[in-house]
Amino acid sequence: MSRIGVFVCHCGLNIAKTIRVSELAEFASTLPDVVVARDYRFMCSTPGQEMIANDIKEHRLDRVIVTACSPLMHEHTFRKVIEKAGLNQYLLTIVNIREQVSWVTSDIEEGTAKAKALLNGAVYRARLLSPLSSRVIDVNSDVMVVGGGIAGIQAALELANTGKKVYLVEKNSTIGGHMAQFDKTFPTLDCSACILTPKMDAVLQHPNITLMTYCEVSEVKGFVGNFDIKIRQKARYVNHDRCNACLACTEKCPGKGIAEWDEGLVKRKAIHIPFPQAVPQKPVIDREHCTFFLKGKCRLCEKVCEHKAIDFEQEDTFTEIKVGAVIVATGYNLMDTKPLVQYGYGKYPGVYSALEVERLFNSAGPTAGKVTMRDGKEPQAIAILHCIGSRDKNNYEHCSRVCCMYSLKFAHLFKEKTSADVYQFYIDIRAAGKGYEEFYNRIIEEDVKFIRGKVARVAESSDEPGRLIVEAEDTITGKFVKLPVDMVVLSPAMIPREDSKDIGRLFNLSTDKYGFFMERHPKLAPLATMSEGIFIAGVCQSPKDIPDTVAQANGAAAEALTIVSREKMELEATTAMVNPASCCGCQNCVRVCPYGAPSFNYEKGVSEINEALCKGCGLCASVCPTSAIIARHFTNEQVLAEIEGLMEF
Amino acid sequence: MLKKISINKISELAAALMDKGLLLAPVKEISGYNFVEIKDPKQVDLDFHNTIASPKAAFFPHKEDFIKYETGKPIDTASVVALNLPPAFLFGARPCDVKSFEIMDIHFNASGIVDPFWKQRRETAVIFGYAFDLEKPAQPEEFYQTLGIGAADPEGSDVFMVKKGGDLLLNSVTPKGEKILAELKVLNEGKAADKKYYEEYIKKGKEYKTRSMCLEPGAITKKLEDLFYNTDFWTRVSSACISCGVCTFVCPTCYCFDICDDTLFAQGIRRRVWDACMFTDFTLEASGHNPRTHVYQRLRQKINHKYSYHVRKYGVISCVGCGRCTKHCPVNIDIYSLIEDAMKA
Amino acid sequence: MSQAVTPYLEMSQAIIEAGGEALKKCYQCGTCSGTCPWTPITHFNIRKLVRYGQLGFDGIEDFMWGCSTCKFCVDRCPRGVEIIDIVTAIRNVYSGGGMLPQSLRAFVGSLSARGNPWSGDQAKRNDWAKEKYPLYNKEMEYLFWTCCTVCYDPRNTRLARATAELLNQAALSWGIPSTDVNCCGESVRKVGDLELFERLKNVNLNYFQTNSVAKMITVSPHCLVTFKKEYGADYNIAHFSEVLASLIKEEKLKPKKDFGGIKVTYHDPCYLGRHSGIYDAPRDVIKSLPGVELVEMERNREQSMCCGGGGGGLWMEKLKGERLSDLRVEEALATGANVLATACPYCITMFEDSIRTLNVDDKIVVKDVTELFLESMEINIDEPVGDVCEIV
Amino acid sequence: MTDFRQIENNLKKEAKRLLEAGEVAVVLAYGRGYDEKHPMPFAAKAIAHVESLVFNEYCNFNMARYLMRYPWGTKIAIAAKAADSRAIIQLVQEEKVRREDLVIMGIPAYGMKNQKTNEVIDSKTTGGLYNPVIYDILLGEEIHGQKIISPYEVLAEYEAMDKEERWAFWKKEFDKCIRCYACRKACPMCYCDPCFIDQNKPRWADKAPQSPGNMMYHLTRFHHLAGRCIDCGECSRACPVDIPLYLFHKKVAKECEEMFGQAAGMKLEDKPALVDFRVEDSDKILE
Amino acid sequence: MSFEPKILGIACNWCTYTGADLAGTTRLHYPQNLRVVRVMCSSRINPSFIFRAFQLGADGVLVGGCHPGDCHYNTGNLYARRRLAVTKKILEFAGLEPGRFRVEWISASEGNKFAEVVQEFTAQIKELGPQQKLKIEQLQEKA
């Protein structure tokens, strides 16, 4: 049997005007298990609070019901009161008879009757309340940033400048990401390297940033404030401590491999740095194309290296890193357009993908900035094709946002560097950023021809061998256009990295059907994710240009700070738990929980809930067919009892 | 005394009985017959072989309320439910079912253990036994001959009925039967020829053939005791069983029940409801331990209870061979073949 | 008269109700018109047709008959618009008002009166068989569904006989439908006469039910697609090239004659390729022929160019220079092939016309894959035969 | 009509082969009962058992309900008719059994009979499919050419009833219930142990077999099977008092299919309807 | 005197309950037949609560949750939408008047919508009259 104390508040006249409070208190005392029932003018005032505390001690109460204003107002106040009086703070129920009764009716009969019913429900519920205690965990103050593109670099610098220790993990042998491949950036035509390399250098020099290039995340354990992440350091076969970047080895090396950095336009040595301003500016050996690894002899680089930095026996190493928060900024790839046979990419040498053209323009690129085709000639007519794979239900339904703008940039650079006629085949020109429309007008004035119609086919010209024919309908005139050109530039769909689903699985991030990471709330929390303590920034969330990416990186850094700036963190007490005796192993809870709190223990065949991840929403308790999951403070028995109590009078 | 009435006048007999009290008689339903409380005399239908559920519900209903109380009130305010039922007429009970009441009396009516509800129902009720139709062959599931029950044994019934062509002969067996037959004006006197036909019918009933094997209670008990630890046998015979409890609910000699409290707001009723040893939580203890979690343990318990423990304790097999458990088992487990297997194992 | 037009939305609503639901999804990007083989050679423009349908502008009548339902645009449409359904819906709405072009009136009239588009006599449907082949009954495994074109069109009756011979060679249990069946109704549905299509369909469905037909073989991809998609029952139906390919694989049928190193190119019929996804079976049959080199045209498999026969095209008059089949024959000649193989009676008819008008019948000849294989088994089915049935 | 003899021989042949090759530890199929008309679910573990395998028009048992009796990872061969194959897919979706542990012997069957009433089972009481939706081996000839009749047509009569009439109908039916729980045990999808009705904390429904308790038990069970019931009709066949449970399950299955666009147990990659959501589910389903 | 229905309201703490409080602070009057139970999310509502509520004599049940997409736990109400839709269809097919069970998405700022919905729902229930079907009269089934 429980000993319940009921305390009815007048709230001055707010409640007493339309509810007979003394009659309510009198009614309360008649209910079973109610030991003391009082009413007082201001329960939340200090004398009111003392009255409750005294009654708890005097009548050895084990449940307290306060019939007053909304729990959203004073639940915390009264919890502190009963806690000070030695009663567990969760053995309290608030009955809301002000906002939901006295203020919404003028009929005192109706008000009092409803108050009685609500009170009766509260008594039924109070009997079944059980004491709960909330756990406190400490928070690790370091942060890890995954992905060394402009987003990762920006976030790492922001966090490091606040004094936090940052681990920047990059899969490639250099940071910089796709931005480092560009020559110019729209709309200001800034040289991409000039605005990026200072930041890359700052990252290298910054005392708080540990730069981990040629590394991959292999395992993630733990939860918010206490992640421990296993990083795999891929074998570089070059000891970066000894190497002083004299790059003598790169001249001598006979090995030939496809230069990923130059999008495969040229070859590069087996031991190489991707581009001159690479950070760190130290080479790595690519196993697949190193003649020593292939045939067992050569080792020319070792002979040449004065500092004995070459080490063929190097193995992949693993390091465990503890951090409090993680920012994922893994960036994007461009879609491989070879399957779209109608555009002939990979079949006709004159067809280029956007990143290849970026490398053509780049002075550190394969053609040192000169626009020459694969056969060495300068193109006389160039067609730039928009929406290749984007805005297309059969490939990627989204618009990649940046292709219109970089196509205009290409048009400008082509006009500047060659004497070619430039055509743009588009559906809509989307120039919606600051200064973008002005840039579009400037390009029109540079006599670039715009044809409104999505290209249907690129074919070899039968009468001019070596040239290409672009077929499309100019929907403005309705004419079928056959345009002979030398070079075709495709702007492929911007899609997440191919391993984004694996990264998602590691960090418990759900991805949309293409692999972009799902933000917690599209409008109000675009950088947070469903996993507490994991944030996202940049194109890995959805296609965007550099200004938006940098803005998101700063935002993600701020959100990470909200976690790591605290030493301690209090966990919710009203979390859910599983009674293993009743669990039938249907795994409904594991499937529905947005936070991944429940996990299935295959040996025991029952689910278990990680209370650190549980937010207490109770969804798992309602999908559990055998009521094995107890949603603390809102258990099935408590809710059923409250309903029964409400329906009695 | 022997009375007679023509079959197509049965509804008049039913109407007469309904005036005297509660009439339970077989009524045609979707996939068979059942004893139902008759509301309209025309419902009664006697050309059935046997009902789906046994007539035990007449004396041992699915739910019996014992005590009414109010939560929070002192104990003496609780009241025992007084049972004052009108006399019930169980019309058309087959000989094997009537025999089952005798076995159930051991538990509910024997000296020392008396269930007042069963006792009052049994005493006020009048049982109209009804012989099987000897022309028609027995159903494949039935094996009451093995248990020594004849197709036309009048023992246990107050009035025993036999079908003679288009007529129904009603012969009184007990004083209660005499009294009721006398009161029923709608019946007309039976002739000597009817009496002779009745006696012959009873005698012929003894030789009526059903599935049978020589089953001496001691032998099967001994066999089952040896078989207790032979889990291969029990796993094999119970591999199809889905432990649903239909067999125990249709069986005339299963009497296990559960006591529970159903409450609504402050009112509460303590009541008895049927339970089944085949239910997974039948032997679930408060500690969470459950001695019989596997299907084969539960099936072994059911068979042993009827053919081994009951014999050792009361000297009679607690089964009348009506075959209902075989007929209505969703997976067609046959108790007769099981016993045969056991005898051979 | 003034150039201004006002949208007449009741018309587009009628088109949507007639099955053109996808009208709303099109954002006029021009991929379909760029892809459509007709755009470069005729004034027909599928994008403009959908646009007129969206806003209900008048003037749609003069270019709504150009589409031959080859499904190239549907496969490429970035918005996944079911363009063929829109074309069918537009034609249904307008043909209701008697807008049918002159060349199609005879074809629709013959269908509603005689149950076949070739004005052939209904009773003479099986004359091509000359009682040599059995009628289908319940015990038989396969129903060999004979499309009207192979029943009545003289050139294509040869295809029917070739198939029948091969079925016998493979000793399958099969039979041909009695004369109370009629056209599967594919072309008339695509021409927009949905009511007539329902009538034809029910006649055939009734025949299938009464004879409890389970498995079917057809030589016409048009019947194949219609039975699978529009007949509302799950028939196990296969194109004969698939059956032939598997028979060859299981070595139940073996080619004998060596063709002596001729070059054969294969044209993917739209209804066999894009509509049904069958590309390899006919090629396997050709590859199994000794002394034959299969050369591929530049536009093949999913990119194959339509012969122009679909969607009622077979019966429409096309101006010279506006015929796809001519372009396709030229493309075949460009590969240096001397045989243009295909697997659809419609394509055979169109190519025969083109070869005659381009008078290149000495350089190239069109053959069905079945005829080729029959030839390789050295079975002659060309007795001196008169005109099979009088075209009334 | 289906050739039962041919399927039985194939069943024996396949079972023997699988057991000999040691590919599976147990073959779940149908065995001889006490007479011809009453076969039994049967688990053949050794070659000797293969002899008593049988298949006739009364083998309506849904063998999928026995899959969970074997420890996780046991290799099992299972005979699966159309509805049973859907049950297997649903159980794989709910990870109660792994697809790679199963060898599914598909049985296309037409003209199966209900044991109690001897009527031919058709789409009225089941999902109306004849060919198994998924199988590794096919024991008989696929059935084609049948007119496709929607299994939900039988509901039209009950949906047309007005709500008073329908309430009276269901109250009469549920009052007959004697709480023997055969429907729960016959159902392949009801594998929860303990079931919600067996519990006292919380006490969801009265124990007494009368209207309030029965109604609560059945309504909650219908909800627990929403989007999961594969319409095999086993619950109605197992019910000793013949409550037409298949009707209510069919109605819920029909509503779920209309609202969520997926039928239970049709595709391996689907997620069960009520543990999944689509942002574009329309709010109209709540009117 | 006229029939006063007993209506059970189950409100999600973050949106509908806050909306109800807002209706109170803006002093919007509405009939007092609604008795509200507060739960953390509309997805906490187990359909068996609804069946049990009708058995305990509720004449109407009103469930309030956040608008889809605004749920504090992001996907809670999307699951709830499906589960409550199935509950509604089950009750309707069993024969309960469809008007007795209603689900409304009411956000924290829609105080007036809360008041309107309660007003409209109470009137509708009054018109439907007392709910006799699922209600447990008394524990003793009429013998």
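In this document, chain identifiers A, B, C, D and E correspond to the written order of the chains, with residue numbering beginning at 1 in each.
Note that in this section a contact is a pair of C-beta atoms (placed from the backbone, for glycine too) under 8 Å apart; a residue touches a chain by one contact, two chains touch by 3 or more.
Nothing here was measured: the structure is a model prediction, and the numbers come from that model.
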Note to self: Spelling it out: a chain qualifies if it touches subunit A and also touches subunit E; which chains qualify?
What the structure shows: B, D
Check: When B-D is set beside A-D, which has more C-beta pairs in contact?
Finding: B-D
Checklist line | Chain occupying the most central position, where position means C-alpha average | finding: D
Note to self: Measuring centre to centre with CA averages, how many angstrom lie between subunit B and subunit E?
What the structure shows: 48
Notebook entry, point to check: Which whole number of Å gives the spacing of the CA centres of subunit C and subunit D?
Noted result: 44
Next item on the list: Averaging only over C-alpha atoms, locate the centres of subunit D and subunit E and give their separation in whole Å.
Entry: 34
Margin query: Quick check: how many Å separate the C-alpha centres of subunit A and subunit B?
Written below: 69
Item checked: For subunit B, residues contacting two or more additional chains -> 63, 262, 265
Next item on the list: Hunt down the residues of subunit D that sit against at least two other chains at once, touch-wise.
Entry: 193-194, 196, 204, 206, 208, 210, 274-276
Notebook entry, point to check: Where does subunit E touch two or more other chains at once, residue-wise?
Noted result: 47, 52, 56, 75, 79, 83, 136, 139, 141
Item checked: Touching pairs among all chains present in the structure -> A-B, A-C, A-D, A-E, B-D, B-E, C-D, D-E
Margin query: Quick check on the complex: what are the subunit D residues that touch subunit C?
Written below: 142-148
Notebook entry, point to check: So in the complex, which bits of subunit D are touching subunit A?
Noted result: 72, 94-96, 191-196, 199, 201-202, 204, 224, 271-272, 274-276
Next item on the list: Under the touch definition given earlier, write down the residues of subunit C that touch subunit A in their complex.
Entry: 27-31, 33-35, 39-40, 45, 47-48, 75-80, 303
Margin query: Under the definition above, what is the set of subunit E residues touching subunit A in their complex?
Written below: 6, 8, 13, 17-18, 20-21, 23-25, 27-33, 35-41, 43-47, 49, 52-53, 56-58, 72-76, 79, 83, 115
Next item on the list: Note which residues of subunit B are touching subunit D in the complex, please.
Entry: 29-32, 34, 52-53, 62-63, 140-141, 239-240, 242-246, 249-250, 258, 260, 262, 271, 273-274, 276, 279-281, 284, 326, 328, 330-334, 336-337
